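Labels run A, B, C and D following the written order; every chain starts at residue 1.
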Amino acid sequence: MDLNVDFAGIKLKNPLVGASGTFGYGLTYEKFFDLSLIGGFCTKGLSMKPREGNPTPRICETPSGMLNAIGLQNVGYEKFATKKMPKLRKISTAVIANFFGETMEEYIELAAKLDALEGIHGLEMNISCPNVEKGGAAFGTDIRVTEAVVKGCRAVVKNKPLIVKLSPNVADIAEFARACEGSGADGLSVINTLVGMAIDIKNRKPILANVTGGLSGPAIRPVAVRMVWQCYKAVKIPIFGIGGVASAKDVVEFIMAGASAVQVGTMNFVSPDIIPQLAEELPELLVRLGAASVSELVGVAHGG
Amino acid sequence: MQCTVTSIQSLAAGFFHLSLTPEKPLGPITPGQFVMIRCGESTDPLLRRPMSVADFEADGSRLGLLVQIAGRGTGTISRLDKGDQLDLIGPFGQGYSVPPEARTIVIVAGGTGVAPFMTLTPTLVSQGKDVHVLLGARTKELLLMEEWFLHAGASLHVATDDGSKGFDGLVTALMMERLDHMEEPPDMALACGPAGMMRAVAALAEHNNIPCQVSLENSMACGFGACLGCVAHVRGEKRYVTVCRKGPVFDSREVLI
Amino acid sequence: MDLNVDFAGIKLKNPLVGASGTFGYGLTYEKFFDLSLIGGFCTKGLSMKPREGNPTPRICETPSGMLNAIGLQNVGYEKFATKKMPKLRKISTAVIANFFGETMEEYIELAAKLDALEGIHGLEMNISCPNVEKGGAAFGTDIRVTEAVVKGCRAVVKNKPLIVKLSPNVADIAEFARACEGSGADGLSVINTLVGMAIDIKNRKPILANVTGGLSGPAIRPVAVRMVWQCYKAVKIPIFGIGGVASAKDVVEFIMAGASAVQVGTMNFVSPDIIPQLAEELPELLVRLGAASVSELVGVAHGG
Amino acid sequence: MQCTVTSIQSLAAGFFHLSLTPEKPLGPITPGQFVMIRCGESTDPLLRRPMSVADFEADGSRLGLLVQIAGRGTGTISRLDKGDQLDLIGPFGQGYSVPPEARTIVIVAGGTGVAPFMTLTPTLVSQGKDVHVLLGARTKELLLMEEWFLHAGASLHVATDDGSKGFDGLVTALMMERLDHMEEPPDMALACGPAGMMRAVAALAEHNNIPCQVSLENSMACGFGACLGCVAHVRGEKRYVTVCRKGPVFDSREVLI
């Protein structure tokens, strides 16, 4: 069974990739399995400077999902490049650097650095984070800002595929997909978390210290599949399907909706070896579905 | 890792002890470490639940959990029968670490906080240390594992909030009283229980200049350092540490409780 | 315990209302309990003419939720007014008429008729349905269209409270809340279903005949609570909290987030007598939380 | 309504029979009606599952279900033990209705489709009708309730897809063969099974001018007419009917199957 996927030039040995923020810098999972078994992973979202993230509580379980308000805690570019990369270069798996900035300049500066960093196979721009220059609304919910930041990064990212991770908190995701494609993106990641919240009724206040958080897990899968479907209709660049993947069936669901590969997030917390497990189960399911490769199923649910 | 339930025993209303045999030994365990258990196969509840390892074999070929029914997850677990399977991963985190030179140890445990001390106490006693165990509970019926600690050769003191047995009041008040009684301050205090109790024990220990280790029960999504959800504030710094990886047991002066 | 709520002039004997499309025309539930036990209910969405709805399959279960693409099947205004209303007038519970149109004119025509219909206590405008004049995008995802249709209905609804039910498929729900308030709405219902989909991997096509459907149930509760929270900050008119209510705890969560009352939808399917059950459980929970009435808890999670 | 499981019996690989005693009698039941069962307390799976009532007491004080393990919900149910509780609501829908003047009845059942006929067959026999039961399954081991129908006094014919027992082929082919054998066409055909089988039986019956009732298994969210999710197309009209309320048993000419 051919599980290989060429995702915008990134060679994945299977279509299963660890999602940003749920996979650390990869090494956390080494105690559970051999990282070379998986297609690749996206790093925890990187910023120029280290960030300590939000106060606690940062997480909260919800029906078939969870809320997180980690606040983009990360070690920062320098430490990532000097402490994590040397180890990651030795592992035969695709390393995709997820990154963000608080300002347009920070995005561009970091994109340029990551583009030059040896051992990084692709860049994934997280545009769901607050734009401090624009009063804190997410970059990725304003179409003009999205275009500007993608174009800005595109101009400096010359060696590696540039993937844009879309925010689902918009009315028309297809419009954003087209804007990213038009601004030079090589691929899309669909979707980031939905904004949600929960209340601590005993203490009469939001559970999360940050008030709102990102909803992830199986609960959001129907929304994610729909958005992948819409993006597939809208653009020609490949799409990572993300949101609640928990079984080989779910992987195929995203692929048939139009994803070239999928990312697994929250379920890594529940079953840390879920990605290699899915890689093992996938071929059998594909055979049962009469498919000889992953690629022949991409978007088939859209019909002829 | 699939484990077989070899026994499940009610201890008091809402508390039970679970004995488990993993498919394969989990490997070495330190008291204070925990496992993450799956509560059913459904995605609701979704996340695993952290549970301290209570009694165990050194190689992790058998382990016991002391569980309080707190909600749906633990409720589901409480309905397991002998012979059923339970899915867990671990052990994770850093347990208690008592330096060889520490001679007198005070252990303070509330509710299921006795769990990590079930194996630690006899070990410390067998090393010739003088171990004082202070157990607290709301009422007499909820004092867990008294017998166990009696047999372990520690000097045992109990406190109940309603005075139905032993000291009448909080276990931290009992700790204060014991400290007054001791000729020399103990070399070390080890504590496990609710956050409020941890704060009080830490304050008391600090006040009396006793090195103290506490176990934190922050909410955890993963248990192994991947989600960054469980962090605690490092005291005096603008920096967080993961409770699941650098803890759950910390030196009480290291983190904000 | 005082469970009474005055919702924009609609007297509810408790804050528990059946959500539109999950409660038929009320009478379906008479075999399970006495309808006078509940605060009220919203009718299945009404249109001027009867509508047969979408082809099947129309529903599909998802993790802690479900997708539906019923397609707004309903008996139409005339049959509702002549066949259902005579029975409903005899029941001592608030009847809120949920309605929609395919065009601005249909909305206004129907609003005027419902405003004049005896026995209807309030009107709930569903603006999540496709605007046939504008290529099928939902009325409620375009701020100008939303304002226009709310103003249009407001002008003819002279006797009864006019509640607007917001679509959650937007980037900034607060903006829509303000637009509705500014256009004369007396209350808001927050939220309608999220757009989702699922794929039948065996047959390589969407499960729902309509391709996409509305996601409802506990899965969406965190998104709904967040949107109620945002709307409460944005407007002064009362809010129905809707989305995944399954327990008395959930009711209180919505109220503390800013809802004056809640609607229960999908969970009616699972437990047809859940609404009177919640009405029974609520007082005890309120006592435990130290509250003497529902109204004193509205929005308390926002702090002083 | 909470029911107590009074017995649970495996019938064949993946099939079992469940006997239930409701807290209070459900009230009168008609064969072909169904109940909606809750599979666990979690919100995943969320919706109840429809199950035909198989054998039952007339007042609904006891009922049996014939269940095929199809997925998670039925899987959960299959792990129930005697004494456990099961939450169900119903009975719902319209069952089979056989007019007094019908003398010869052909019943066609596939898989768990035998369920509604467990009580109906002996009733029809006791009314002096000539009842022919045709049971189909993939293979011999999966023929359900053969004994029951033998004892019920019906003339029983079985078909297996692999020819391991009885007629070699689909139960609809057996039906065709039986219709050829009968001197007079039967007055009525009643069928329950997968959609494909329902279509074939309906076509055969129509072709032979036999009034036919079929049971539909559309996906259901509520089971009692509130969601409009389960609808079937009315034949020759642009109109839908709810399968849960107007069905699940329909005259085969009434709806598109």
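Everything that follows uses one rule, which is that contacts are C-beta pairs under 8 Å (C-beta built on N, C-alpha and C of every residue); 3 or more make two chains touch, one makes a residue touch a chain.
Nothing here was measured: the structure is a model prediction, and the numbers come from that model.
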Each chain counted as touching subunit B and subunit D at once: A, C
Whole-Å separation of chain centres (CA-atom averages), subunit B against subunit C: 47
Chain centre separation (subunit A, subunit B; CA means) in Å: 37
Residues of subunit D engaged with two or more neighbouring chains: 43-45
Per-residue overlap in subunit C, given as positions that touch at least 2 other chains: 63-65, 217-219, 246
Chain contact graph, described as a line, ring, star, complete graph or other shape: complete
Of all residues in subunit B, those that touch subunit D in their complex: 40-45, 72
Touch list for subunit C against partner subunit B, complex: 63-64, 218
Residue ranges of subunit C touching subunit D (in the complex, touch as defined): 21-24, 28-29, 31, 44, 52-53, 55-61, 63-66, 68, 70, 73, 217-219, 246, 266, 268-270, 272
In the complex with subunit C, residue positions of subunit B that touch it: 43-44
Subunit B residues within the subunit A interface of the complex: 38, 43-48, 89, 218-233, 238-240
